[in-house]
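The same subunit A turns up in both complexes below, where it pairs with subunit B and then with subunit C.
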Partner chain A sequence: MQRLHLIEKLRVPLMLAPSLLILTLLFVGGLVVGLGQSLGYMPVIGLNNFTLRHYVDVLTDNNFLQSLWVTFRIAFFSTLFSTVLAVAFALILRETFVGSQLSTFMFQVPLPIPHLVAANGIVLLVTQSGLIARLLATVGLLNSPSDFPVLVFDRAGIAIILTYLWKEVPFIGLVVLAVLKSVGPEFEELARTLGAGRWQRFWFVLMPLILPGIVSTSIIVFAFIFASYEIPLLLGVRFPTTLPVWAFNNYRDPDLNLRPEAMAVSIILTVISIILLVAYRRLARYAVTA
Partner chain B sequence: MTTVTLQHLTRRFGNVAAVNALSLEIQSGEMVAFLGPSGCGKTTTLRMIVGLLLPSGGDILFDGKSMLTVPTEKRGAVMVFQKHLLFPTLTIAQNVGFGLRMRGLPQNEIAARVTEMLELVHLPGFENRRAHELSGGQQQRVALARGLIIRPRVLLLDEPLANLDANLRLEMRELIRSIQQELKITSIFVTHDQEEAVMLADRVALMFDGVLQQFDAPRVFYERPLNAAIARFYRSENFLSGIKRGSQVETALGTLRVTSSDAQPDGPVLLTVRPEDVAIGAGPDNNRITAKVTAVVYMGTHTQLQLNVDGRAWRAEGPADFTAQPGDTLSVHLPDKRIWLLPTES
Partner chain C sequence: MNKSWRWLAVIIIIVAVLAPLIPQLIWSFTFRWYFPSLLPGVWGTQAWEYVFSKSSRVGEGLINSLNLALVTSLFSIAVGLPAARALALYEFRGKSLVEWLLMVPIIVPGIVVIMGIHILFIRYRLTGTFLGVMLIHLIPCIPYMILVMSGVFANYGTALEDTARTLGASSLQTFWYVTLPGILPGLLVATMFTFLISWSQYVTTFLIGGGRIITLPLVLFPFIGGANHAAAAAISLVFVAPALAVLIFISRSLATESSIMGGFGRL
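== the complex of A and B ==
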């Protein structure tokens, strides 16, 4: 009887064990190996002593703060604009109008398309030889396509942000749309009868209800953008580069001695990311309960 | 203190008229119940009054002024919904003070009025609690306080007691009635429960299929319904066809004398008597008909009899100790003052 009870208690953990094991090996294992390498422990190339030297090298590098700022700025503005646009689209798409189903479908189209394909699409659209520049020149709004502003490989990272917007707006938008649909119109109707105008209903009624959805999705988006390298590598300037590109370049360098520095950058990136996300979550929780 | 006037108010959904040419006037400080079965248009009417739904035709007037172009948030009509809809992220005080906050009142004034309102709904000291910490009845009282705090011109209650259990419903009815009488706010509430309408309302507007059937004091629906459908809705199905001539009605079971002879013109009529007015057993010799007992149900305080009267199913109530068997034939007395005449059904 006692044995049966024990088996019953262990049933769920045992069922979860295979996937937990894989997750632990891949994530925690990778993190531990990365941490070890960032601390200078890499026996395969003869580094057997733990040291903070690589962290000191990275943190005292003149380019570090610049790269950190570029990384943060791209992640912050991409997340901010994505969130604002996603909420706006969700507010429109929750209404029933002629073509609303088609509009919702079109809104979801970017979701399964890979980031690299999206980046290529943006390049084709917004470079000086791109579709928009040529179109504007053809209709006479520009003297020549080369008058079109530089949006790709620019220091502001506009093409990078545009690519992330195209990909992340539907992601956040669909979550917010689902929340809005589950909330229904009753709270807003009630607020109207209590004298709340359009903006008051948005800020005091809808926002607190959709904020948890916004917070969780924007955390995912920020963390993803903050740590991803492929779009800044494809569409960004060579200098200053983002921290993930810095880490990636060092990682794939044939000189294995650069590997510990790549790992140090990655670990720093992870720690900063965690600190920012915890701070953001706390702020959001305060905003919900205030 | 606001008078609400509905003039030929109509709302169509496609080809279906959910509310059809509804006209009535609600006096200042009056409590009116919109009563009727589900889908009869009562909530649609309420939503038009508050401005959440545009009418297809007709007008809504507050103190003689049309409200059609006035947005919901400026009408001064507050709606308490069937679901309490307390904002989950706010405390009870913040919920109650929501309307005042939207009006930009200072915090100290909001706090003072919230305290006053929570006392009015018998929830003093609940300011810092959250909605999930309250029972269903308490949540509905908070919703009521939230509506009342802005001192609305018109209070609209959409089946506010529907989600409460029987005891709480009774308690809330008394609370709503006492507050309404104290504050004298023109109030309209929607219900499908006749008992609730009778207990709470000064007047009842009974609706079937989007059409107003009768707008009267609750007592009138029991004693002088305008047609058989209304009588049925008030659980009176005792009907007998006859021909009215003056103060007498000739039926297949004999001639019956009626007092309310001016209710219908001479000619074919439908006679009705409420089950509790059918006198079983001894009594006056006049106005007697023969009925066959089909079922006897002991109800504790009385005995309910199901009768067959000229092929129609009747109900009657006798004393608790009344004994009869299905198949018995009874002679029942129909008091002439309790007989009401209706038009025949088409």
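== the complex of A and C ==
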């Protein structure tokens, strides 16, 4: 009887242990080493003293604010547009109509496709000699590629944002769609009998139901884009770069003395990301209770 | 909802989804394609010949990518499934802390961690090894497995399992005949997520693989935005094919089982 009791007691810890062990060992291990290097502690190249110099260097760098702004702008607009479009499409796809099954399937297609494939496709679509420019030239709206606006390697990061939109709209949309389908039409019909208009039904009935899903997924999307490296490197301008590109370029440099700065940039990036997301979540909670 | 609005939305979805895929399909069979022709002047299979040649390393990348994604997914199931069940069905002290620890890699940018782990892995000789790359892929994969499956477990509940146990089924029988069939659609979707997360990794494989583990994203990367559109398109299509095949399998459960995608709302 005593043994059975012990097994019961150990059950939950045993179920959790493998995941917790792997994630905390890797995650905390990596974080501690990264933090140490950002503080200038790098025994491999003879740096044994802790210093805040690299943080000061990064924060006082003339390009820092510009890079931060570019990083934030891309992540913010990608997330905002993705979320709005996702909710709009989810509202349409929740109903059953001729072609709704096909549309839902098509809507899912970008979900499994890697970001790099999306980026490659967007490039071939929107460069100055891309498919869209060719279509416009065919119908006579365009004479030469230079008449087409620069959308790749541009300062506004249009191609980067388009790539993220293509990938993230279905992700957020499918989560919202799942919630909408599980709710059913009862609440809305009740609201309608009580005299609520279409806009009121959306804002006061559906919105509170889908808001947790919207907040969670937009947090995931923002955090992912804010720290991602590949797409801004491939489709963005060389200057000003985003913070992750700055960090990784420094990190990959053969000169090991640039590594503490790379780590400092990444840690500043992480802290800013967490502050923004905590503030956003607070705001969303406040909006629900208000 | 107004009918014409609905049709407009359907057309937008179909056109927008296909738009970046169609030029890749055309380019992969292109030899010469000058502006402003809508279709290539000279078609050709040179890009595909390059893809199938040994020097392109596409074959090697494909095999490595598949192996990594499969092993990472199996590992994520093995460690993530019990954790998801514990979080969904048991109350215990420190639960919110545990939940937070397991979800942290989804929300906290991995950039510091990846670079820090790179240094650790150099010390423990894990860079350039399959094991090292798999371990780093596990960091984003395990949390997604737990996130999706804890939603599925919570939705499935324990009523059916309790009935089976009362009727004399062993715990193994209960799992195999009652629990597994119930959670299978969710498990397939969660496994698809982990497979695709591993499948799409670039930076982590690049750093930890140290040039010795070549995967498809590493092969494709240098071609994007470059001059050789045909090769970029053909490699890209090889990279996308398994992902689309996976979707066809799970598309239905993705659309009909609300607990699966709805799980993301619990974060």
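Criterion: the second predicted complex is superposed on the first by the 285 of 290 C-alpha atoms of A that agree within 3 Å, B and C clash if a C-alpha of one lies under 4 Å from a C-alpha of the other, contacts with A are read in each partner's own complex, and residues count from 1 in each chain.
What we mean here is this: a contact is a pair of C-beta atoms (placed from the backbone, for glycine too) under 8 Å apart; a residue touches a chain by one contact, two chains touch by 3 or more.
Given the structure is predicted, the values throughout are model-derived calculations rather than measurements.
Of the two partner chains placed by the overlay, neither subunit B nor subunit C lies in contact with A:245.
Once chain A of one complex is fitted onto chain A of the other, the partner contacts of A:190 are limited to subunit B, with no touch recorded for subunit C. Of the two partner chains placed by superposition, only subunit B is touched by A:208; subunit C is not. Contacts of A:31 after superposition: subunit C is touched, whereas subunit B is not reached.
Number of subunit A residues touched is higher for C, counting subunit B against subunit C.
Contact with subunit C, but none with subunit B, is seen for A:262 once the two complexes are overlaid on the shared chain. Applying the stated contact rule after C-alpha superposition, one finds that A:200 touches subunit B and leaves subunit C untouched. Residues of subunit A that lie in the contact sets of both subunit B and subunit C are absent, per the superposition on chain A. Within the complex formed with subunit C, the subunit A residues making contact are 11-12, 14-16, 18-20, 22-24, 26-27, 29-35, 37-38, 44, 88-89, 91-93, 95, 97, 99, 102-125, 129-131, 133-135, 137-138, 142, 144-145, 152-153, 166, 174-175, 177-179, 181-182, 212-213, 216-217, 219-220, 223, 226-227, 229-230, 234-235, 244, 247-248, 251, 262-263, 266-267, 269-270, 273-274, 277.
For subunit A in complex with subunit B, the residues that touch the partner chain are 186-187, 189-197, 200, 204-205, 208-209, 288-289.
Touching subunit A in their complex are the following residues of subunit B: 50-52, 71-74, 77-79, 81, 83, 85, 87-90, 98-99, 101-103, 146-147, 150, 156. Subunit C makes touch with subunit A in their complex at residues 1, 5-6, 9-10, 13-14, 16-24, 27, 35-38, 78-80, 82-83, 85-87, 90, 92, 98, 101-102, 104-117, 119-120, 135-136, 138-139, 142-143, 146, 192, 196, 199-200, 202-203, 217, 220-221, 223-225, 229, 232-233, 236, 239-240, 243-244, 246-247, 251, 254-262, 264-267.
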